[in-house]
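The same subunit A turns up in both complexes below, where it pairs with subunit B and then with subunit C.
Take a look at the complex of A and B:
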């Protein structure tokens, strides 16, 4: 076997170097800096004090608020995984069949994810605030007064409102990815199954779902990663209130950063990252079992 | 190989070219970072005027309020701060910048020419930026920032609504019982809210709570609590928390107050949908823009305790510090001196409707703005306290009070929760 000469190796590495330098500067260094910061107490100016792993100990064993915020993030993820993705899947199936109007729907459904979280949050907030109470007024008008609530300030509804708004805003992502997946399934398979006498349900369960499984898992992973990291929406909608009922994990990290607890916030960020990595790898492992 | 060398040299030139360009640009200008987007156009006008007078260019760069602190912290860590910048945070954060050697001590310049610059400021605004000898932050004594405006946070009342419920607009309630009674009358008779405030921005809850802590337990006991010598379960603290319960039970709070931001609260008060509000002098601008015919006045928070005065948060609204890292700090200080001269302060008052930080602008300050500086002997602010509460305890107080308002906890339960956090923080220290 002929190994490349030193000069050629240098040449090859020189092509990779700019990309590696950018990657190291923007990804590797911040990661190690975050870890270093997580071992300290205070903010990053002059009051940093080395505390070892005590931030991690506090987060893992003492900080109920942190775990409550993680719980809220996963609560929203649950709704996103079920309601949001179910809606995205149904719409993708429908649009896949609509040959002539498909493009219009693609644009319409993808419009919401393109808009910023803050804009959606402010829009929904303006509809739901008790005064002038546009949405509740609408409910009264159509005879559904019993459904009118203080959607943002009532602790029983605030998190649900946030979850629903997030699903409403986010279903377009899942829709586009699932639609792309559906369109990669060869039509010949459906035609052959029709010849063999398979009905629509059988075609769906035996062809569509199995062949779409890798895409479905991709959507699930992206949904979890995207939802757990949501921050703009709760900031615009409720600012984490009432009484912290919509303070999701990333918002808690931001609050700690703003309160000069950069070390603690870094540790929280690393713990959250670790949770997300575990969830993603578990899902990837499960997805391998479903490979067609 | 030659081609590689050529490419390498080009890359090097393009990279260093940026910094050469920056250095050349920097020589001619002073850069100022701030978060006051509503004042950016006024600042830019002043910058033009300054350039015309001195030939020195001043560039004001505004960043969104929400990310400003992160921006400054990151720039401080990278030692890449501009000549002038504002610090958005408490005195502890301010002191950390000083201790890190990032901020110039301005005492010498303040005291030049027989304290001329120092004496030009309204006392409370400068006290904000002063660290006294033996301060708890461990900062060498001195004046470290220049206030560009002043603020006060007090109760406001709608004169027309007060008259409609049969109370003279010139004698608003001075005690808590009357305040609740009048607010309730407004709800029952007029169908408006009794009280509105942007409590979605939690610090306003802490502000009101501490005003009443001073009033109910007095200054000494309040500071003893901060030192950890008095528990939050003390009956006086429960009285403070109970005030919020009373407001909730009397039904005077504006709907949605708990997630309402300050701008929304200002809009509700400006449109005459609330009798009372708790807000700062910066709100004058919103009221003027939204409803020029709004008839309102300012009053100190009504007394709840009988033995001590109620305190009012007031002081420097925004301040600029001079970076010690900059090679042009003398130019920056000269610009600050110019910015705080009467002409420029009057211009800022007229353009931004904020209270000036220097004396002698009274004729240009509107009546409603002046009222915010009434009762100055009761002014206080966390930046003037000998020590500050731990931010986690402050957060626990805010969340606890919110829980009282939504009916999830009683004042006693909140007191226990806050005290637990306080104990934990004391142990950590």
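Take a look at the complex of A and C:
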């Protein structure tokens, strides 16, 4: 390629300079700095001592709390991937069929993702507290008292409550993307297959699902990235409690940072980042196999 | 005839399902608004679904006074406005450059911006805190706005670049023959043409900045600077927020109602913007 003169090139480069400068300070420097911090330990930033890889050794092999918090993040992701996306898919299919009223449902289902995690978290918290929470009250009124629980403070239920709330808040995302995907499938394909005598189930498995595969994988990746990094909802809903039972990995990192373990928290961030990159790359690999 | 009955039956099942999910989305907010209009004593004895005996806005006044929600609201508006403005200007400049201008390292820089979308935020926020502290941007409005601009850049540059790639070069050439420089071509030709892309960028990022929480938590410890989301958390864990449910509900209503209204008015654009933003990202 023939480049223009150096002066012209510099002029052109100045267009990306503001973006590049912000980017360098907020992404590139922190990125390399993380590695440096992760090799150090100390209560104050000014008095960090070099400890080599021992942060990583402790995280990987000794820190049960860390792996428990990662496990919680993936527990929520599991339900988000299965329950939340399944619900989103069913709803998208239903709305795609019910064309006339589809618009209203689209607006209603996307209301929750538009509102912040904090608003949703605080609201749901107040619906679920034992007293005066209206959810248990509702269960009592319809005669299902046996189902009423202390949703937020019972260690057996807190994480499930968090996972379910997350799914409830997030299904609108998958729904709206899947619906957009469904509406790009040309109707002629369905008509042609109907002429050829395919039944509804065959049309679904042979046309809808294969053509929707790229969108489905997009939703899967967005779900995992969005769920593992979730922090506002657990903070607003359960504040990590009871007894740390809902402390997800990002919350643990933030707690360690606040407790003056900057080096250790950096190493945890790197471990989590590495896990996430591995997961999304392997998903991308798998999705390539499904390309029509 | 039998076929038609079967079809109606299916449609009925579908609609019952859709309506019940829709109710689960709407109901909590109706309950929230209803509770916010009751007095605290009335609420404590009857926190169910009944309507308030006396319609009163006392809780709203209390929420503004004790929760400082007005201040947090203004802060959020400030951050959202300047954050989005910064993102639009900086990313359309950069998007134009990586789409049309020639300079060494162009593709590398574009790839760098894309790669950033893959870096998970938790891996970077510890050093970000330390770096911001080091340059004195911790606890400043500027620091937070710059951080939010950074979060929005990658996707927005990508959106602008793909949009500029589709615009025919003739218009630019005409402007160039008339003696326009690169900067003027960007401002008078390319940026106005990119209005659909700008719409998506604005909607996507406005929502993102308005709802952002973690970076604000990291950067601000001064109460007067906090955006609404952090302010709400602060309010919810304060004495009033923990004991006066109805005041907290009024606070949540104040925080969510404007968003709901804006969303309902602009839902067509918002849903379209979000969908296209997510589909390319």
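By definition in this document, the second predicted complex is superposed on the first by the 266 of 292 C-alpha atoms of A that agree within 3 Å, B and C clash if a C-alpha of one lies under 4 Å from a C-alpha of the other, contacts with A are read in each partner's own complex, and residues count from 1 in each chain.
Following the convention adopted for this analysis, a residue touches a chain if its C-beta (ideal position, glycine included) is under 8 Å from a C-beta of that chain, and two chains touch if they have at least 3 such contacts.
In this text, all values refer to a predicted model and were calculated from it rather than measured experimentally.
Chemist: Does the subunit A-based superposition show subunit B and subunit C clashing or fitting?
Modeler: Clash - subunit B and subunit C, as placed by superposing on subunit A, overlap.
Chemist: Name the contact category of A:238: first (subunit B only), second (subunit C only), both, or neither.
Modeler: Only subunit B; A:238 stays clear of subunit C.
Chemist: Quick one: classify A:130 as touching subunit B (first), subunit C (second), both or neither.
Modeler: First partner only.
Chemist: Check the residue A:153 against both partner chains and state whether it touches subunit B (first), subunit C (second), both, or neither.
Modeler: A:153 contacts subunit B only, not subunit C.
Chemist: Which of the two partners, first being subunit B and second being subunit C, lies in contact with A:257: first, second, both, or neither?
Modeler: both
Chemist: With the two complexes superposed on chain A, say which partner A:224 touches: subunit B (first), subunit C (second), both, or neither.
Modeler: A:224: touches no partner chain.
Chemist: Examine A:76 and indicate which partner it touches, taking first as subunit B and second as subunit C; both and neither are also allowed.
Modeler: After superposing on A, A:76 lies clear of both subunit B and subunit C.
Chemist: Who wins on subunit A residues touched, subunit B or subunit C?
Modeler: Answer, by number of touched residues of subunit A: C.
Chemist: Where does A:110 make contact in the superposed view: on subunit B (first), on subunit C (second), on both, or on neither?
Modeler: second
Chemist: Touch test for A:92: subunit B only (first), subunit C only (second), both, or neither?
Modeler: neither
Chemist: When you line up both complexes on chain A, which piece of subunit B, out of 21-29, 75-83 or 111-119, runs into subunit C?
Modeler: That would be 75-83, the one stretch with clashes.
Chemist: Just which bits of subunit A does subunit B share with subunit C as contact spots?
Modeler: Dual-contact residues (subunit A): 11, 45, 235, 257, 262.
Chemist: Could you please specify the touching residues of subunit A with respect to subunit C in the complex?
Modeler: Subunit A reaches subunit C through residues 1, 3-4, 8-13, 15-16, 18-20, 22-23, 25-31, 33-34, 37, 45, 87, 90-91, 94-95, 97-98, 101, 104-112, 114-119, 122-124, 126-127, 132-134, 137, 141, 168, 173, 176-177, 180, 215, 218, 222, 225, 228-229, 231-232, 235-236, 249-250, 253-254, 257, 262, 265-266, 269-270, 272-273, 276-277, 280.
Chemist: Contact residues on subunit A for subunit B in the complex?
Modeler: Interface residues on subunit A, with respect to subunit B: 11, 14, 42-47, 62, 129-131, 150, 152-155, 158, 235, 238-239, 241-244, 255, 257-262.
Chemist: Which positions of subunit C touch subunit A when the two form their complex?
Modeler: 11, 14-15, 17-18, 21-22, 24-26, 28-29, 31-32, 43-44, 47-49, 89-91, 93-94, 96-98, 101-105, 109, 112-113, 116, 118-131, 133, 146-147, 149-150, 153, 157, 182, 186, 207, 210-211, 213-214, 217-218, 229, 232-233, 236, 245, 248-249, 252, 255-256, 259-260, 263-264, 267, 270-271, 274-275, 278-279
Chemist: Report the residues of subunit B in contact with subunit A in the complex, numbered from low to high.
Modeler: Counting only subunit B, the residues touching subunit A are 4, 66, 69-70, 73, 76-77, 89-90, 92-93, 96-97, 99-100, 102, 200-201, 254-261, 264, 268, 273, 391-392, 395, 399, 402-403, 405-406, 408, 424.
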